[in-house]
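One structure is given below, encoded as structure tokens.
Letters are used for the chains, namely A, B, C, D, E and F, taken in the order the chains are written, and counting of residues starts over at 1 for each.
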Amino acid sequence: MRMMGIRILFIDPIGTTVFDKDMRNYLNEYKRKDTEIRTMSLPKGPKHLEYYSYCALVIPEVLRIVRKAEKENFDAVIIGCFYDPGLHEAREVTNMIVTAPCESSVLIASALGHKFSIIVGRKKWIPLMMRNVINYGLKDRLTSFKAIGLGVYDFHKDEEETKRRLINAAREAIAEGAEVLILGCTIFFGFYKELQKIVGVPVIDPVIASLKYAELLVEVKKISGWSHSKVYEYEPPPESEIKAWKLEL
Amino acid sequence: MRMMGIRILFIDPIGTTVFDKDMRNYLNEYKRKDTEIRTMSLPKGPKHLEYYSYCALVIPEVLRIVRKAEKENFDAVIIGCFYDPGLHEAREVTNMIVTAPCESSVLIASALGHKFSIIVGRKKWIPLMMRNVINYGLKDRLTSFKAIGLGVYDFHKDEEETKRRLINAAREAIAEGAEVLILGCTIFFGFYKELQKIVGVPVIDPVIASLKYAELLVEVKKISGWSHSKVYEYEPPPESEIKAWKLEL
Amino acid sequence: MRMMGIRILFIDPIGTTVFDKDMRNYLNEYKRKDTEIRTMSLPKGPKHLEYYSYCALVIPEVLRIVRKAEKENFDAVIIGCFYDPGLHEAREVTNMIVTAPCESSVLIASALGHKFSIIVGRKKWIPLMMRNVINYGLKDRLTSFKAIGLGVYDFHKDEEETKRRLINAAREAIAEGAEVLILGCTIFFGFYKELQKIVGVPVIDPVIASLKYAELLVEVKKISGWSHSKVYEYEPPPESEIKAWKLEL
Amino acid sequence: MRMMGIRILFIDPIGTTVFDKDMRNYLNEYKRKDTEIRTMSLPKGPKHLEYYSYCALVIPEVLRIVRKAEKENFDAVIIGCFYDPGLHEAREVTNMIVTAPCESSVLIASALGHKFSIIVGRKKWIPLMMRNVINYGLKDRLTSFKAIGLGVYDFHKDEEETKRRLINAAREAIAEGAEVLILGCTIFFGFYKELQKIVGVPVIDPVIASLKYAELLVEVKKISGWSHSKVYEYEPPPESEIKAWKLEL
Amino acid sequence: MRMMGIRILFIDPIGTTVFDKDMRNYLNEYKRKDTEIRTMSLPKGPKHLEYYSYCALVIPEVLRIVRKAEKENFDAVIIGCFYDPGLHEAREVTNMIVTAPCESSVLIASALGHKFSIIVGRKKWIPLMMRNVINYGLKDRLTSFKAIGLGVYDFHKDEEETKRRLINAAREAIAEGAEVLILGCTIFFGFYKELQKIVGVPVIDPVIASLKYAELLVEVKKISGWSHSKVYEYEPPPESEIKAWKLEL
Amino acid sequence: MRMMGIRILFIDPIGTTVFDKDMRNYLNEYKRKDTEIRTMSLPKGPKHLEYYSYCALVIPEVLRIVRKAEKENFDAVIIGCFYDPGLHEAREVTNMIVTAPCESSVLIASALGHKFSIIVGRKKWIPLMMRNVINYGLKDRLTSFKAIGLGVYDFHKDEEETKRRLINAAREAIAEGAEVLILGCTIFFGFYKELQKIVGVPVIDPVIASLKYAELLVEVKKISGWSHSKVYEYEPPPESEIKAWKLEL
């Protein structure tokens, strides 16, 4: 079965380029040999997505980028925020593969242990993420959310403090029954490795998870024709409407 | 307990004014005496929201309107689409009451019978609406979704045909155990009355439901101070960030 | 849309008049201007309903009062105990609106935040109330029950102690994820206001909630014809049987 | 381990003696050798319990009979209606064993197959029975309710017709996945034997089930001291209150 | 209704005879007068079943024993491990009654209180037991699992220490809402009696429970013909295949 | 990130070599370039696994093969039956990756649509598969099981008939809401491609799915150290016990 290289666009859906380089290096470290990664962030917009309205603000631009990427022959797009903002909408308006960190992480974690916990920054994040876990159908596999009381921009300020809190949260989660841990923010990148060595269970980094799931889905699409179904949930709008109504898509 | 009149803005979140007048008349027919209604639609955008990406496109504008309405001293905003687009995000960015048709309808239906069914236009609509029903916690009260195979703009084209299909769907739902019916689209306005007479169970019109729930919530806010909680789910973003990042909110 | 005044009977379903006056004053403080309230308690019977068998003892008399109220042209009856005793049976034997504190409280709380906790007196109360929450379909919206270790007649003995315990329970519930709190006993009347000021989230008083829901349902019945469905759950027994068998209803 | 004979009171909780003799004979046919059965019905009240309010009317009298039976040294009481009316309340006010047909049937069916269906008379019965199945925790074991469109007093009028409808309902249920069937009314007594021969799966008669579960629970109480727990759900009211308030219990 | 004596084989599915005598004495103490018990363990295999793979290793031998017991005219087999290993498979290959400790315990506990907790040795045991509780449909009746941090062979080493830990676990479970406790290992035999005296709620011994349920099911099979259903879940393999393929069954 | 080739053992856990060659060719067609596949079946045992007891019979041998494969430096084992027999036990006794068709299929299907249906041969298969779907946590994503009324050895006898039945089942499932279909037996190999062309939604072949998930998990293990967690569910038995007790593992 022949398959050529995979072209993936990783969107950091926030209005700052501050994480772009780190994210690109990180992804390049973990990609398959024949995968080509491009990363981008948004020209404007909130600089983090901790609030649900911030997510709502960036989704239209994410959808435009997704449709543009399809024209540029990308195979897949990763929407790089653990809220998975616009994941379902994006799959509706494109024929490419679209993945996102939370969905990919829980699907990988599911095969590694029976119960997982998700470690997040602030309690505010939990209701929306819980809604996603429920929507992905995996609520019964979830042991708990653990919040470490830090915002996105605090994680890399004092990394030792972040580590300390992650270790505490991880140990609490394991004591409650978690067998696998998921870091519930893409900006936790880099922490998983040491953490999993210390606590002794797999710790899923959501950036790597979304990359690997994108590669998996592109591969099965190429070899077996499996892709996001186009009935019901992801049934696409007619291109004629998009044109007639001048929708910025 | 004194309370003055209630000012409500009904947003028809689509880029056409075609339903504005009908909707305003309809709302005025059902409002409380001391409620004042304003209706508006969007300056541009999709002319219906059957696709999930269309919803995503309009939410930012809905949020802007919501925040503007608060400055204009409205007490409540109704987001007039049965997908309840942006309902949670809107509650995050305002101190006003915000309601939407699906949530209001299921909360009223819940007190009228044990099981309800929702009649929709096309099957495409069901996954997102089901997600909402699950999110509202009321999945175990739902008997079924019934699709009548018509799009939003078909409902009022051949009203006799629409009625015929609604009656069939209603009877099927009742046979399956539904005790209350909900019309799952605001553009079904006007059909409920005759339908409920024919099938003999309450048929909830979602426009009226969202209006009545808005009035209820404004009233309890005024007399008891109950409003959308500001912790977790609806914790608002800092105004300083909104300003600093020039977010169009 | 014209609607005349609303006549509501509030039944305190216990065999003592000790709370009648306070309850009447309380209700009158919160009713709509054109609502007329009558309150009553039972001629005999248990003086609180903490035990499930006590509820069972009073329900037949509640049903008789409900049917009598209908003949006296009341629009609605409120069954004033947070166990909602006889709520479903009452709706079966009358065409009036019937509401009760627990159902009304959870339906209002549902629109104010994603998760709520219910604060009760004693742990004994929880299994039956949990059963009701499950029956109302809203278990997934419930964070927890919190018991403060006081019986009904203790609440107003040392109100400072009650307040202190309520505050502790409220803070625990919020820490666990609750965004809205519900006071799980009608005899908590009066405590909500100060409590919500102190803990910073909406605190639902179940008496007010049941009043407001009664007014809402009477209103929608008058303007839209929506009332408790008469199929399945609330299908009424034939009057002929009631008469033939001399049922005291 | 020695245990003496078991004394069981079977209450047919309706205001007619019409089924008393048949029921006594039926029970005597299936009881253990050293079990002694007494049957009784109510002095007055509804002659069937198809309506939920009818159940509510008889429960106080059932509770009084239960308490009287305890003084007369019965070991157990069976509340002989498939709605299990007053089951939990009765366990609250006595130290005897109390069983009821629905609970006993589903607990036996659970060990005989993975999924069961319940065949009932009229659709009206289903919501309350479903609530009980949910309360007993066994909803996920239930395939379906099947209504044969007959009231309690129709079952033995034209037994051939009843049989025909039972067979049809049974076959439908099996086709849907049911492995065990439960007859959802005590007045179905006698039908199970032929039915299970015809359809080839176990058909639970709820009268026999409630008898066997009563004997089981009395036995384990005598030999192991296991009885209805007296904390939370079944915590009994203080006898002093019952006396002071002259409660008819 | 005549029924002769019941013959039951209790299999301790481990490769050691060390518990055989104690178990036989224990069972004989609790059996019905006309029940005859035989106990046996396996000729080889793991000496405890704490690991899931150990269970898998013994199941084929358990199935062979079950089929042999049927030829020897036993009425029932009890698979004596709280993981209930091979319970469903055994019911597939025999017409005898088969019970096991976990299923029997939860079905008895269900009638004694609304919520139960299961006390186990080590946390390792919980995922598989939880899966069983879910499979038995009773997850919503479960308050919690409590692990006392001891392996099977520790229980009777220092019985005072075991007792102390059981009491602590029991009290924690009751504080969390448990009304009934279940000892989650057959090797806890003997502890239940004192424990339930101390903590004041019923404590189910799973060995006794499985014996009593076996006797119950044999009895209802004899008098009513109810046995494990032979459609779907327990549909048996054709004897012809078993012979042709020389399956050791 | 360097990673060498992947060595995978595919076990067809039945006592016949009849499918070995076809399966090997099929897997070789879909494997990654640098994956090396070996296939094997069992020396003896049932020739299909339609009965749950048959599964139980083969699991010990599967576990032995798994442990042998680890010594032979395989990276992963696939247990090639849609019942996923021994999947959890195998993960307990090895440090390799282990996958199986059902788990892999549902995890891939989950990212391709919201709801999936599983098409099986006979109704007998459904209870065990449903248990697995529930255990994998994805019951809410499942629309239905559809049985086509054929046994494993019928599938390739009259392939046109099989196709016809698959198409009918697929169309029914889609009408019920399924967006993705899964073929619920490894012996359906080869049918997916034409079927998905005809019905227009992705049709997951479970053999390919288990291969792709095995490759994914081996890859993430090599690059990120994520593997089956060794706490709780998959905590391994001590090698010392295995040796001392001469367990054939």
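Operating definition for what follows: a residue touches a chain if its C-beta (ideal position, glycine included) is under 8 Å from a C-beta of that chain, and two chains touch if they have at least 3 such contacts.
From a predicted model like this one, the values you see are computed outputs, not experimental measurements.
Visitor: Return the chains common to the contact lists of chain A and chain C.
Guide: In this structure, the chains that contact chain C and also chain A are B, E.
Visitor: In degrees and to the nearest 5, what turn takes the CA positions of chain C onto those of chain D?
Guide: Superposing the C-alpha atoms of chain C on chain D needs a rotation of 180 degrees.
Visitor: For the interfaces B-D and A-B, which has the higher count of C-beta pairs in contact?
Guide: A-B
Visitor: Roughly how far is chain E from chain F, going centre to centre by Cα mean, in whole Å?
Guide: Averaging C-alpha atoms per chain gives centres 30 Å apart.
Visitor: Report the inter-centroid distance (CA atoms only) between chain D and chain F in whole Å.
Guide: Once rounded, the distance between the two centres reads 45 Å.
Visitor: Return the residues of chain A touching two or more other chains; collapse runs of consecutive numbers into ranges.
Guide: Where chain A meets two or more other chains at a single residue, that happens at 114-115, 123, 126-127, 177, 232-233.
Visitor: Within the complex, which stretch of chain A touches chain B?
Guide: Touching chain B from chain A are residues 15, 44-47, 50-57, 59-60, 63, 86, 88-90, 92-93, 123-124, 126-128, 131, 134-135, 232-233, 235-237, 241, 245-249.
Visitor: Applying the document's contact rule, which stretches of chain D touch chain B when the two form their complex?
Guide: Contact set of chain D toward chain B: 123, 126-127.
Visitor: So in the complex, the part of chain E that touches chain D is made up of which residues?
Guide: Answer in residue numbers: 1, 29-32, 99, 103-104, 107-108, 110-115, 136-141, 174, 177, 179-180, 192-193, 196, 200-205, 208-209, 212-213, 216-217, 219-220, 223-234.
Visitor: Could you pull out which chain D residues touch chain F in their complex?
Guide: 114-115, 177
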